[in-house]
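Next come two complexes, and both contain chain A; in the first it sits with chain B, in the second with chain C.
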Partner chain A sequence: MTVPSAARSSSRAHAVRRVVLRRALWAVPLLLGVSALVFLLASLTPADGTSGFLGARGEFTNTQTRAAVGELLDQGNWWQACLAWWQGALTGDWGTSTILRAPVADTLAARIPWTALVMTAGLLLGALLAVPLAVAAARRPESLAARVLTGVAWALSAAPAYIVGLGLLLVFALGLGWLPAGGLAPPGEPLTVATVASHALLPALAVALSQVPWIALHLHAALIGARSSDAVLAARLRGLPPRTVTSRHVLPVAVVPLLALLGTRLPELVVGAALVETVFSWPGLGQAMVDAAVGRDLALLAGTTVCLTVLVLLGNLLADAALVLVDPRVRADDL
Partner chain B sequence: MSTGRTSSRLSAAASAVLVLVVAAACTNPTPDNGGADAGQVTVRLAEYAEYATLNPLDAMFGITSKIYDGLYAVAADGAMEPDLATGEPEPDQSLTRWTVRIQDGVGFSDGTALDSADVVATYRTLIDPAYASPLASSFEFLTDVSAPDATTVEFVLSEPYAPFPSTLTVGIAPSELLTGTVLDSTLNREPVGSGPYRLTEWRAGESLTLEASDTYRGERPDVDRLVIAFVPDENVRAQRLRAGDFDGAQLPPRAAAELEGVDDLTVFTNTSADYRAVTLPQGVPAFQDPAVRLALNLAVDREALVEGILRGYGRAAATPFTPAQGAAYDADAQFAHDPAEAEALLDAAGWTAGADGTRAQDGVPLQFTIMYFAEDTLRRDLALAVASDLSEIGADVEVEAVDRPAAAAGMNTKAFVLGGGDRPYDPDTQVYTALHSSFAPYDPEDAYTNPSGYSDPRADALLDTARRSADPDVRTQAYLDLQEVLMANPPMITLVTLEHTYAARGLDEYSGVEHVVEPHEHGVAWGPWWNVEEWKAVP
Partner chain C sequence: MTSEQRMTAGLVAAPPWRAPATMAGLSSVTHPPRTPRWPYAAGAVIILYALAVPIVASATGWWGGADTGAVDYVAGVTAPSWAHPFGTDVAGRDLFVRCARALQVSLLAAAVGAAVAALLGTALGAASAMLGGRADRILMRGVDGVAAVPHLLLGIIIATVYRGSLWTVVLVVALTHWTGTTRLVRGEVLSLRERAWVRAATSQGYTRRQVLRHHVLPHVGAQVGVATALLVPHAVWHETTLTFLGLGMPPHQASLGSLIELAQQSVVSGAWWTLAAPAGLLVAATVCLGAALHRGARHAV
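Up next, the complex of A and B:
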């Protein structure tokens, strides 16, 4: 390690800037393509916007009224509708949700923070739970505790987030009464940081538990690999304490592939969060997205899809930028 | 590079991000109202879905009736009583011109006055195709509305229409806010009405709060606040109700019955005009034979449906008429469960069993499919039970889960588990479009009116007599006669009418808690809470 530290970090920062720029350029055709796909796929489904708009009342609506609603919602074929939506979106008008009867921008602005909160908190909580588990299991790979830990992680990875959420709800909210069972605050009470934090805990934990298995298992495997590397063997031969060996020589190497994986797992995290939101009556994007798809609410569907795509792109970018900064072996041009 | 420092910096940064996100999330939604003041009475309810809109031109009854007043309103016995109106509507001789007088000195929650111009604007907007109000379906005969003076409104109809008063329950909105369309109206999210409550907060996707309106013309409600949370999952709704998060919720019969007596919860039920029937469309050749339609009606064990599927919360029905239609309902018009008689009828009509047990007549098999909405477990259970009963007498019946477009597309060639009773407050609105032959031709855009394609000249004559007569006795007799026709020549297999089930606590702390006849629609704006503004706290 002869490169002066300042020079190295400046060239790394430069590399990160290159990655950011390239990704930003890529995002434009990607977003256009994804949104066009949404409109195309929606046009191929049997669902129709008028039925979605009328909901249960569709059973009691006569021809003239149905036609009037149909005319109001009509936006031409799929590419005309897509084009019209982008024309509006670029000028700040994201269209009007047909199932919520409200501007899509308002809906997104009201709901994205809640989804982001549960996702971020869940991911952090998941990492906080998974890293010590993996480290402990890797320290004595053959011990009974390590086997139990990895066994539980595999079992947990097979449990859908919905089931995990329902289980947490039954045990901690309804059984023990330690935590609130849903919503943002007790019904009718104002939102404060404290009430929201206590209400976010169980949904975040449900998301976290769905993330723990893959973080723990991958980290565990990477730690086992890193422990047998030459560098670690050399450090142990030099007589460094085990704690120092783990924190300075094993973890840094093992964490790198995890960061790369994190980006690719984001879409799954979003889907998991949507299911968890339903269990905990959490007013995030998930439920709105499901309703939009079922009710063929094109503007809301396009708006949520574009936002989630941006979220995933940003997450990927952050993960890759962290990778470039942390791991000197990664070349920015390969990303 | 020091990982120890890096990871501690990372976790510090992560914590900072988390705090920022929480703080940002908390500052984002509509400003809260500072919570409950001491001494305020709050009732907290869990609704099964978020309301799409609070626009009175997009949703009649239910939640909008808390915020808006109509000319008339549903009363305890399911009858209509004047709300903004000062008395009954006065028809002319031809039943095509109706005059309604309204109260003076009524104000909207935004401080403006409500007069006849607002009523005219509300109904004109309602029938304007450009506004696209889904409620326009109920007003196809309304051609014009006018206001001779500030407290008089005149409605002009294209045809004599005796049930017209029962439709005048639409919430009246301020004329200056009736712009745009039903899709982008500001009334969707920011309602302005003259009713007992006004909206003070709507947390998108989570809950809304109504508070007693200072401008309400009536007595101020004892229940100051209604908090309605949106909890779609019925298990979660039941469990949170048990945990004390809520004072009440709408629940399906089974879930409600399980809560009876648990943690001081009680089950509250309302009768409804909400019926379920299996259609018998003319596109299925076997259904063109009246003997088959009668035999199928006799083969279904309705009491078993009520006990087994509805847990006793409902009653057997033979026609679309329900007790909600009052004197026009013939309680004796019921089909006995008589499979032997059903088989005898089929044998006599030449529908004989083949080698596989399926009956057929001249090579036409007694074979059909019953469709039900895939997401509706009640309709699924009914479809399966009916299919099982009918197979006992030699019919070959399959069931099929469908979405709404598929249901409309298959309506003429497949039986369908129909829901009815969306406007039960006059027998005409309950049954006319389901039975009159003018709605019989199959139209995929209008699949649910007369879905069986039923056509009986006697039924048509009775329906039209009742629709055009101003004499209540003539109307009642026509409907009683009609039920006789329907028993002899059934248009469908009407199965049951539902009771809507709710679980609630603390109802005994109030006087004035009453039952009401509910339409197809249900939810916490109904149940015991339909007249919550009239409740008085028991000292």
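Up next, the complex of A and C:
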């Protein structure tokens, strides 16, 4: 501990910069690969590609959309189409969605904030629920309450987010009628903070409940491990009150591994948006991607895929940067 | 550090339905060491239910008989009773028998998908380790790339093109989950390659293929088998998710995903049992089979 704190913090900042740089370099081939896969698979469509993307019953006979799809597919082979798509995307032209009949760029810009809102709210709510539960359970690991808590968390972790969502819908929206069942606001009414908040509560709760198990179980295990460490033993020997020992000596050590774990869990969280958004008709990116997949809307599928991948990479980056900042034991080269 | 590396570093543990890349993922976080024997019994009950109920139904005609495809709208959406322990769905089909069929189909799709993923992963992992050099580096970069894309995202893209059958689910599971096995097998083969008996075989002039087949792969088998078995509950999860989104199994084919998708509409009119039966079965099956497989794997290794 002889390193001056200023030097240490500057080396931390340097480490964060290195992580950011490496991740940015890694993102380029990854995004290219994912978009190339979309176009490769689209070119392998067993049936006639154009009819597939125009809808099986020929409902999209609008000349504009037909021209848009034709343009997208008539770029030669799949990688030429992909490169042409990237050329457009980098200049702001993401193509036209056939199922939404709107430019993909506008759709993405309108939907990204809603997905980000529900994911962030869900993750925060999940942490708010899980941390007190884990701390309480770790205080008396042998008690019946702690065992019930771990059992419930374990069973909950096996329930996919859409089952949790449907269950919440069944109880709180249809059974008790406390909260609205879906959408952003009642039809025809303007968006206000209050209506959006009331409509976002159930989707956010569904996301939160699907995140509570892993946070609670791992924090519980880490707390029990940290409690028996030498540092905590010494703190207790010095006669510090249990509350201080928990908040100052046990929690900081136990929370750091969670931050590392968050990076590995974020992809699931972001893409799990597709499930929760589908259940609650929440107009986010995940729902758009599922709609694009069901409706075989190539431009929208490519756009949402790339956007979701970027969100995943950004989330990963944030989690890892936070880890490097918080835990001096982690070196930038390990990440 | 990738997620697999983090998990094997002992920093974190894989939850039961997530297939761990190696045995080090089998930690005691979600499985206290004094876990009782209930997972075996519960897993056996669930398998027995899936296998026996359709047979009993066709033999005795209980629960509306075994013809789960028959549509009878008059008998539609009835609550659980002695005649129909799980109630009936919107088309009047008995859910007790239909859930059993659905579990069979979901487990089959998951098991085939996991097996194909294991074969693909083993082949690529062994090839990567035996070839070495630049081929190895390129292959492992590819593995990193595929592993960095969320499974569900990749699954939705694949299912957009090939949708609506059991093979879609198999394809999606196989193409998204081979990376774990590839890393596992590559690591094992790299360490096995330096063992005395492999060196002896090489120095006696056996070809690389013979060495691989007779001296290396047999020793990798057990690990791959365990990893594949642990993948099955996770793959069931993928089947239900894809089908729920309308991209997996066709709607008329009973599978846990298609039952839950159908329930999404019935639940709105208050038919809670149409959701509770398949969803409860899904949770019970993944928890119990996952726990039993983990326990079995820990004892076996």
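By definition in this document, the second predicted complex is superposed on the first by the 302 of 335 C-alpha atoms of A that agree within 3 Å, B and C clash if a C-alpha of one lies under 4 Å from a C-alpha of the other, contacts with A are read in each partner's own complex, and residues count from 1 in each chain.
Rule of thumb we're sticking to: a residue touches a chain if its C-beta (ideal position, glycine included) is under 8 Å from a C-beta of that chain, and two chains touch if they have at least 3 such contacts.
Remember, predicted model here, so these are calculated numbers, not experimental data.
Trainee: Applying the touch criterion given at the start, work out whether A:Ala145 contacts chain B, chain C, both or neither, answering first, second, both or neither.
Mentor: It touches nothing on chain B or chain C.
Trainee: Tell me the contact category for A:Leu25 with respect to chain B and chain C: first, second, both or neither.
Mentor: neither
Trainee: After lining up the shared chain so the two structures overlap, which partner does A:Pro283 touch, if you call chain B first and chain C second: first, second, both or neither?
Mentor: Only chain B is touched by A:Pro283; chain C is not.
Trainee: What is the contact status of A:Ala197 with respect to chain B (first) and chain C (second): first, second, both, or neither?
Mentor: In the superposition, A:Ala197 contacts chain B only.
Trainee: Give one of first, second, both or neither to describe whether A:Leu174 is in contact with chain B, with chain C, with both, or with none.
Mentor: It touches chain B and chain C both.
Trainee: Between chain B and chain C, whom does A:Val270 touch in the aligned arrangement: first, second, both, or neither?
Mentor: second
Trainee: Of the partners chain B and chain C, which touch A:Leu124 in the superposed model: first, second, both, neither?
Mentor: Only chain B is touched by A:Leu124; chain C is not.
Trainee: Looking at A:Leu261 after the superposition, I want to know if it touches chain B, chain C, both of them or none. Which is it: first, second, both, neither?
Mentor: second
Trainee: More residues of chain A are touched by which chain, chain B or chain C?
Mentor: B
Trainee: After superposition on the shared chain, which partner residues are touched by A:Ala231: those of chain B (first), chain C (second), both, or neither?
Mentor: neither
Trainee: Of all the chain A residues, which ones make contact with chain B and with chain C?
Mentor: 46, 166, 169-170, 174, 278-279
Trainee: In the complex of these two chains, what residues of chain A are touching chain C?
Mentor: 26, 29-30, 33-34, 37-38, 41-42, 44-46, 150, 154-155, 157-160, 162-163, 166-167, 169-170, 174, 213-214, 217-218, 221, 257, 260-261, 263-264, 267-268, 270-272, 274-275, 278-279, 289-290, 292-294, 296, 301, 305, 308-309, 312, 334-335
Trainee: Taking the complex as given, what residues does chain C use to touch chain A?
Mentor: 1, 3, 6-7, 11-13, 15-17, 28-30, 32, 145, 148-154, 156-162, 237, 240-241, 244-247, 260, 263-264, 267-268, 270, 272, 275, 279, 282-283, 286-287, 290
Trainee: Which stretch or stretches of chain A touch chain B in the complex?
Mentor: Residues in contact with chain B: 46-48, 51, 53-69, 71-73, 96, 98-103, 106-107, 109-111, 113-114, 116-117, 120-121, 124, 166, 169-170, 173-174, 177, 180-184, 186-193, 196-197, 200, 247-248, 251-252, 278-284, 287-288, 326.
Trainee: Flag every residue of chain B that touches chain A in the complex, lowest number first.
Mentor: Residue positions touching the partner: 1-4, 6-7, 14-15, 17-18, 21-26, 28-29, 32-36, 42, 44, 50, 52-53, 55, 58, 129-130, 132-137, 140, 181-185, 188-189, 203-207, 209, 225, 227, 229-233, 235-236, 239-240, 242-243, 245-246, 403-406, 418-419, 422-423, 433, 443, 445-446, 448-449, 520-521.
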